[in-house]
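Next up, some structures in structure tokens.
Next, two complexes with chain A in common: one pairs it with chain B, the other with chain C.
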Partner chain A sequence: MKLYLKYFSIHLRSAMEYKSSFFMTVLGQFLMSFTGFLSVWFLMDRFHEVEGFTFSEILLCYSVVLLGSSIAECFFRGFDRFPQMIGNGEFDRILTRPRNEIFQVLASKMEFTRIGRFLQALLVICYAIPTSGVIWNAENILTLIFMILGAFGVFSALYILYACFSFFTIEGLEFMNIFTNGGQEFGQYPFSVYGKWILRFFTFVVPLALCQYYPLLALLGREGSVFYRILPLCSLLFFLPVLIFWKFGVKHYKSTGS
Partner chain B sequence: MKQYFTFFRIRFAASLQYRAAAWAGVATQFAWGSMLISLYAAFYRANPADFPMEFSALSSYIWLQQAFLALYSSWFFDRDTLDSITQGTIAYDLCRPVSLYWMWFWKDTATRIARAALRCMPILIFSAFLPAPYGLSLPADGVSFLLFLLTMILALWMANAFTLLIYILCFYTMSPMGLRTLSTTAIEFLSGALIPLPFLPDGFRQFCELLPFASMQNLPFRIYSGDLAGYEAVFFIFLQLFWILCFTLLEQLLLKRALKKVVVQGG
Partner chain C sequence: MIAVKHVRKTFQVARRDAGFRAAVKTLLHKQYDTVEALKDISFTIDDGEMVGYIGPNGAGKSSTIKILSGILTPDSGECLVNEKTPWKERISHVAQIGVVFGQRSQLWWDVPVIDSFELIRDIYKTPEAVYRKNLDELTQMLQLSQILKTPTRQLSLGQRMRCEIAASLLHDPKVLFLDEPTIGLDAVSKIAVREFIKELNRKKGTTVILTTHDMQDIEALTSRILLIGKGQILLDGSLSQLKETYSDQKQLTVAYSGSAPALCPGMTVSSAQPGQLVLSVDPKVMSISKAISYLSEHAEITDLSVSGASTEEIVVQLYKEFRI
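Here is the complex of A and B:
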């Protein structure tokens, strides 16, 4: 942990070296996710509700997913450029060091510009919390925190999974974008909106719905059971197969030789 | 003219090499299109009266958009071109007896068409077999189809004009990053890539339709399904021509000015 903080401060200082470029990119990130917000707003303004969810209820879901994914993108960005790390032999160097590989890849890059997205999500959740009609007792606050944690966990695991594939393909996989970018884009709405098959997929295969649809029902008082509230924590089990796959990948890793 | 055709051919052949990537792209686009259509179907169920276009027209719009994503993609920039401007290798290009502008134009056109050609067929065929309101339907009528083909080409020209504008502005700013993010964000939203323009609130929508952004994918995809037809369609085609003309002239002017005082450091 101490080492990670050290890396953290190095990355932060290096990002601050180019201040104007940094703030331009932050602004860009903010605007980019702002257009996403606008499209949710315009659609909800036109149709008023979707699958029984109102605008502020959707916004709660939207901001949870955006918060989780922007934190994950900030810290797990190293896995995004993992294909290049394999390509240029950087991973070989990592393997020779006496530290955990995941830790080293994790610490190799941090993308602080995602704060633009994060801020936008924060603004939206500040609007959604009072207007969604949820009674904010201790139980519900805890559920909301679980939801954000869960979303952060699932997106982080997805980034690692993305990196795992490149053990075998060397190149990045555009296919994974359905889950990473797609999860972010389509997770704006509770997954029940897309029909039961897609809901099942995002429940049992990529457990993103566990962090938004089910606990949201509990928050809105439509499902009483405590089980729905702890589901976001269950989504963290997704790390298990991903980590096994990672170990498998490392074991079968052949250097590209450059 | 011949030399531009050669640029086109070389770039086209090079871009056709990435076939594995294209298959992954097809799978991604197909999943993406299905998700979008399920989303709009949910909105349709919630409030069918407020749906601004026929559902089948929307499905066609989304499938065409997924199939021809590479043709109008706002995030496509030729790395080599941008590097040549910021790093000075542009000096070599300036020695060539061709117009810089049209060389860039044909290179980019080739990349866009090659990428789209590799991806579009499987998506178009798959989506044509989907059940009625969710799949790609036939064009509204013969005239619509012809106008669709015409506006497809003009829209590609327009998309290229935007990319070239960024290249040229890069002479002035010397750092493409900020410009790229801004133009991508604006194009994604205002050209109907994020949500089709008819879904925008009234007033704002009419305003957006007049902007040059609307002359890209918005126009051909809506003409195809008959959402835009008759005088309205003709009006927007003339608007499209007008914007292309404006952009091309303005860019030629800007480029000429930039090249007059371009300084290439030695090394």
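Here is the complex of A and C:
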């Protein structure tokens, strides 16, 4: 952890070498995800309710997913860049250092500009928390924290999964964006609004619904079971197959010429 | 001590004909060729040795280095570096080695070199005292004091390479792998790097394994050569031994005025400029003294020198002989 902070400071200093670029990108990020917010807002302005969820309730859901994904993007960006790392031999270097590879890839890049997105998510959640009509007792606060943590975990695992594929092929990784960007876009609304199949997909394949739809029901008092509240933690089990896949990938790592 | 036994490594290489149609075809059905990068490699290197690992492009040099440094897992075979198998005990293994890739940087691009060094110290968990001592030594030997505070991106290639080498030695490695350390460097930097490596080996007894295409590196640094070609070790011996067996040819550098001398059997031109000729003379056909007297009869010689074949030529000859 101490070492991670060292990396953190190096990246921060690197980012500060290009100050104006940094702030422009932060602003860009903020505006970009703001359009997502606007689309939810316009839609809800017209229909008031989607599948029984009100505007504030949907915003709660939206901000949880956005918070999780923006933190994951900020810290797990190294995995997004992983195909290039393999291409330019950076991963060779990582393997010659006496530390865990996942940790080093994780620390190799931090995308501070995602703070723009993060800030926006924070604003939205600050609006949604008082207006959603949820009674904020300790139980519910804990559930909300679990939800954000879970979303962060699932998106992080998705990034690692994305990186794993590049051990075997450098091309055609675009399809992974269905899960990462798709998860972000779909996650704006509770997954149930898209129908049974999408909900099932995001429950059993990419367990994003476990930290969004189900605990939301518990928050809103529509489901009483404690089980719904701890589901976000179960979503972290998603890491298990991903990490096994990663180990398998490292063993089959081919490196590049020269 | 490095012991490599029957190491084999193959790669799957995607194959495709040129053209759009072929591209579409590959989309549906990919064809792979299996390339044997390393067929059956065995050798041992003792502590404190300096070994030059040579071979043409694509012979398997880098693959071997990558296996020894824990980056690649071979298909079969055994390999022990300081009693550890690199790909099985990667973390404890790499803590004891240093690797310099001539074409790739290990320093962080946008921060001063010293920041990179400190991060490397933390990655390797080097004790502060050891780090201080090594840093002082390396700074002095590689003349880094002026450039430690410069961001890496603003360094010249020569400066950067000196920093790279320093960076891979901060943790006192027992073995140092150098993959083309002098590539692209100017003469002064090259000599500085070579001198330093020699010094390091002498002072600390660090085992050095060097791959290079620059034969002067080999000549200046290593006494032992491993020649690899087509994935096999073709030759393992000392440089002087090699020179004896593979080259009895002598080189004559002749400066002349007037017209160029005509050649006789046993002489071949290595290079020619107006007023100067470099000839290879095969002593089996014509003795050196005869060659000299022949030349002085046929041309107005102003200067003449005799030398043994250069390492470069020996290597070319070796490559030819082994058809690699």
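Everything that follows uses one rule, which is that the second predicted complex is superposed on the first by the 255 of 258 C-alpha atoms of A that agree within 3 Å, B and C clash if a C-alpha of one lies under 4 Å from a C-alpha of the other, contacts with A are read in each partner's own complex, and residues count from 1 in each chain.
Just so it is clear, a contact is a pair of C-beta atoms (placed from the backbone, for glycine too) under 8 Å apart; a residue touches a chain by one contact, two chains touch by 3 or more.
What you are looking at is a predicted structure, and each value in this text was computed from that prediction instead of being measured.
Engineer: Name the contact category of A:17: first (chain B only), second (chain C only), both, or neither.
Structural biologist: In the superposition, A:17 contacts chain C only.
Engineer: Is A:156 touching the first partner chain B, the second partner chain C, both, or neither of them?
Structural biologist: neither
Engineer: Looking only at chain A, is it chain B or chain C that touches more of its residues?
Structural biologist: Between chain B and chain C, B touches the greater number of residues in chain A.
Engineer: Which holds for A:89: it touches chain B only (first), chain C only (second), both, or neither?
Structural biologist: second
Engineer: Given the touch rule stated above, what does A:32 touch, chain B (first), chain C (second), both, or neither?
Structural biologist: Touch status of A:32: first partner only.
Engineer: Just checking: does A:99 make contact with chain B only, chain C only, both, or neither of them? Give me first, second, both or neither.
Structural biologist: second
Engineer: Let me test your reading of the model: by the given contact rule, A:166 touches which partner, first (chain B), second (chain C), both or neither?
Structural biologist: neither
Engineer: Should A:182 be classified as contacting the first partner (chain B), the second (chain C), both, or neither?
Structural biologist: A:182 sits against chain B, while chain C stays out of touch.
Engineer: Residues on chain A in contact with chain B in one complex and with chain C in the other?
Structural biologist: The answer is that chain A has no such residue.
Engineer: Applying the document's contact rule, which stretches of chain C touch chain A when the two form their complex?
Structural biologist: Chain C reaches chain A through residues 11, 58, 62, 66, 69-73, 90-92, 94-95, 97, 99, 101, 103-104, 106, 108-111, 115-116, 118-119, 122-125, 151.
Engineer: Over in the complex, which chain B residues touch chain A? Could you list them?
Structural biologist: Residues 21, 24-25, 27-28, 31-32, 35, 38-39, 41-43, 45-47, 50, 52, 175, 177-178, 181-182, 184-185, 188-189, 194-195, 199-201.
Engineer: Can you check the complex and tell me which residues of chain A touch chain B?
Structural biologist: Spelled out, the residues of chain A in touch with chain B are 21, 24-25, 28-29, 31-32, 35-36, 38-39, 42-43, 45-51, 171, 173-175, 177-178, 182, 186, 189, 193-195, 198.
Engineer: For the complex, give me every residue of chain A touching chain C.
Structural biologist: Touch list, chain A to chain C: 2-3, 6-7, 10, 13-14, 17, 88-90, 92-93, 95-100, 251-255, 257-258.
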